[in-house]
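Below are two complexes that have chain A in common, paired first with chain B and then with chain C.
Moving on to the complex of A and B:
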């Protein structure tokens, strides 16, 4: 366990000292929400503003980045070779890949919270008022799942390039199916049913129902989906991780 | 002590006097039997057996793709083999892989360093994974950085280091926990002669301090300089094993002449074969290679024959057996091929 803490510490250090990733995790979401909210402000009323919508929808989309961060933190050239030395050292293989999941989770949780706080203070995004705690917990579960997803895809494909290519397709698909860019309800029952295959749909629907209908019926199923998918991703990673892929 | 003189064109005398053979143990520290490894359809390690003796510098020599690094990676426990047994101090390494790994220091072929961190932080981090803490960790880091001559750059980021300094730091990260067995996979690739000499000198010092060292390279000169025993590999097989003296003795019955010549009419090899003791003649453009029995003095007759054939001799180089010729003799190809 001592070694796990050391590796986790190093992974956190690598994430928090990478200026490009910090900008991508903090500046990009802020700009995205503010620009989207400003451009579409005329299409929304005063009760539910465009900032309220994109403050949730785009923030969920931003959570997807956790998969990219964890995949790169796992296999990016800058850290891949030092990770090779971890494979040679007396460290349990599980520590090597799980520390990347946990480090990405912490990194994304901190940056996500920071961005959320700025959006709340600057444009007053509605995060559910008294239900804020529930929304926040669900978002954290989603961050954990996407962190685990990135590492899992790395373990399956064993290549940084292939992982990045596949992840960009998967994440865009999740975003579209989840209705983050535009609602899919008008595309018929089939598309609506398929959209539930996207984890984003579960999170987005649960958040919207809690914030605007004070309805928490979707909440536990959404949390359950995140927990199950996370457990599956971590389990698959443990099963497929091979230290020899680093050497 | 062994002294080897190489060919005249690249005259070089190597002295191994610092290696004290009496400290090499006779018992096997590690025993490898029937090792096989396959990558997809290709068998890259074909059932090899060898031992590692305590306190030796065992060099794996072979061309790129011979299976040296794969063998080394299997020994480290990082790469699984299809079949075979590896025992360390009498116990199967896979029975308690974590405990086994604590005995090892690994210098990988690629630089395994965090470039954005200072040298000291790198050494501290990797040494701490082997259980070093507090004062023991401080001393280990100081020892490793002083040993590699990087103490004065300890607080500098690795990204500011030269290639040779990074190579030395790569070694420092492997020795701070003072392993019993150090495994070095081509640690001098792509560095300047000064850093290379520093590393080779360091290897000898580590061995004098009691470390057992496994060293892979395709540079014959390095093996000549540091090895106490050599395993020559080619295409996944061990083709020869022993001390360099023993390996060379097996083929040290010939003297090789390389003659740089110019001529209007190609010399007749048959005339050269008529000289007693000539075993092989190869004429390739301006280069004439002749292998002659060592016990027969043939050079004056070769020169006379060539001059009589209107051949102008520009230069003559003579060499006796070295590891390159051993490899050539065993495989029919050059180490550099």
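Moving on to the complex of A and C:
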């Protein structure tokens, strides 16, 4: 366990000291929500504002980036060699990739909380009032899943570049299918049904129902989906991870 | 010239070593183009989706401009916020309509006008984008993001230090950089155009532009993307950082420029920023072409875009030269 703590500490250090990643995790989401919210504010009324919509929708999109962070933190040029040494040291292989998942989870949770707090204070995004805790927990579960997904894709493709490319298309697809950028219900029944294949749809719908209807019927299924997917992603990573592939 | 062809051939061989990468690129471009074309084709003429709650099933409300779903009771507020319905319309026993919506009063008024006289209603679509401009609008963000990913061999050369050897060797540096640009450009341009035309001829979906117009527009877009990618990779040492910054800038500026929806209301500072964005010039150019403007009217946008592309290229080349070529 001591080994694991050391690796985790190093991974966290790597994440928190990269200025570009900090910008990507903090400045980018803030600007994205503010810009989208501001540009569309004219088409909303006074009860629910455009910031209420994008404060949830874009934040879910931002959670997806956890996959990009964990993939890069796992296979980036400068961590490849250290990882290589770990492979040949008496450390459980599971520690090597799982610490990346956990480090990304911590990093993204911290930056996500920060961005959410700023948005709440500056433009007053509705995060569900008293039900805030439920929303927060679901978002954290989602961050964990996407952190695990990034590492899993790395273990499958074994190349950082292909991983980045594949992830960018999967994540955009999840976003569009989940209706984060524009609602899909106007495109007919078939596309509405397909949209449930995207985890974004589950998270988004569950959040909307809690915040605006005080209806928690979708909450447990959404959490369940996240936990199951996370377990599957970690399991697949453990199965496919082969240290020698780093060479 | 030798440096150019050698680098180009070398890039091609490096690409073949990673076949999965090539397949991914083509798959992604196919997906993006197909999405851009079909989303557009599926979109209806309606001004919104409404949930109609009426006492009797047959209420006679039909309009080509309205997507009506009949419900027994009003949908929950979350369905309005998530955008499933733009409004709930409740028909009272007296025959009057009650509108519930979270959208602006402008939309409420529009809907009220339509409900008052569904037969005569004509939406005001003077500023509405046509099909071709919408398609290229969707492609802008995607192609710009792909540019930085596809410039990877130049980024790799820089990250692994091979570029120092190139600079020290008696080869043309301009040829070397030119080859990277041509490689990135071709890998974006050829699949995009081919797939666009395949979809056009296989399914017969409208794409709005003539072959030549599309050629020119996609050419410009891919050139912009290539120049931007070279610029980023020249100024940022680590390829991951360059990719991330590229995605951030591409997403934000494309949204601001109105690649997806055009926003009519903004404030002056934002408006000024938007006016200088190359994506804005590009959309104006595409929109103008589709509306049949003359060359004189289109020329300013065209030259502006070309200017931006040149600025990116010149800055990137100057920076790389300064980094790696020692003064003799």
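Everything that follows uses one rule, which is that the second predicted complex is superposed on the first by the 247 of 247 C-alpha atoms of A that agree within 3 Å, B and C clash if a C-alpha of one lies under 4 Å from a C-alpha of the other, contacts with A are read in each partner's own complex, and residues count from 1 in each chain.
Everything below uses one rule, namely that a residue touches a chain if its C-beta (ideal position, glycine included) is under 8 Å from a C-beta of that chain, and two chains touch if they have at least 3 such contacts.
Note that the structure is a prediction, hence the values are computed from the model and not measured.
Novice: So, does A:38 touch the first partner chain B, the second partner chain C, both, or neither?
Specialist: After superposition on chain A, A:38 lies in contact with chain C alone.
Novice: Between chain B and chain C, whom does A:204 touch in the aligned arrangement: first, second, both, or neither?
Specialist: It touches chain C, and chain B stays clear.
Novice: Which partner, chain B or chain C, is in contact with more residues of chain A?
Specialist: Comparing touch counts on chain A for chain B and chain C gives C.
Novice: On the A-aligned overlay, A:90 touches which partner chain: chain B = first, chain C = second, or both, or neither?
Specialist: first
Novice: Regarding the shared-chain residue A:6, is it in contact with chain B (first), chain C (second), both, or neither?
Specialist: The first partner, chain B, only.
Novice: Would you sort A:217 into first (chain B), second (chain C), both or neither based on which partner it touches?
Specialist: In the superposition, A:217 touches no partner, neither chain B nor chain C.
Novice: Once chain A of both complexes is superposed, is A:166 in touch with chain B (first), chain C (second), both, or neither?
Specialist: In the superposed model, A:166 contacts chain C only, not chain B.
Novice: Pick one for A:243: touches chain B only (first), chain C only (second), both, or neither.
Specialist: Touch partner of A:243: chain B, not chain C.
Novice: Of all the chain A residues, which ones make contact with chain B and with chain C?
Specialist: none
Novice: Within the complex, which stretch of chain A touches chain C?
Specialist: Its residues touching chain C are 18, 20-21, 23-24, 28, 31-32, 35-36, 38-45, 47-48, 52-53, 68, 72, 76-77, 157, 159, 161-162, 164-166, 168-169, 173, 176, 179, 181-183, 185-188, 191, 204-205, 208-209, 211-213, 215.
Novice: Which stretch or stretches of chain C touch chain A in the complex?
Specialist: So the residues of chain C touching chain A come out as 18, 20-21, 24-25, 27-28, 31, 35, 39, 42-44, 46, 49, 67, 76-78, 80-85, 101-108, 145, 149, 152, 159, 238, 240-241, 243-245, 247-248, 251-252, 255-256, 260-261, 263-266, 270.
Novice: Please give the residue numbers of chain B that touch chain A in the complex, ascending.
Specialist: 73, 76-80, 98-99, 101-102, 104, 106, 108, 110-117, 125-126, 128-131, 173
Novice: Please output the residues of chain A touching chain B within their complex, sorted ascending.
Specialist: Per the touch definition, chain A meets chain B at residues 3, 6-7, 10, 13-14, 17, 78-79, 81-82, 84-92, 243-244, 246-247.
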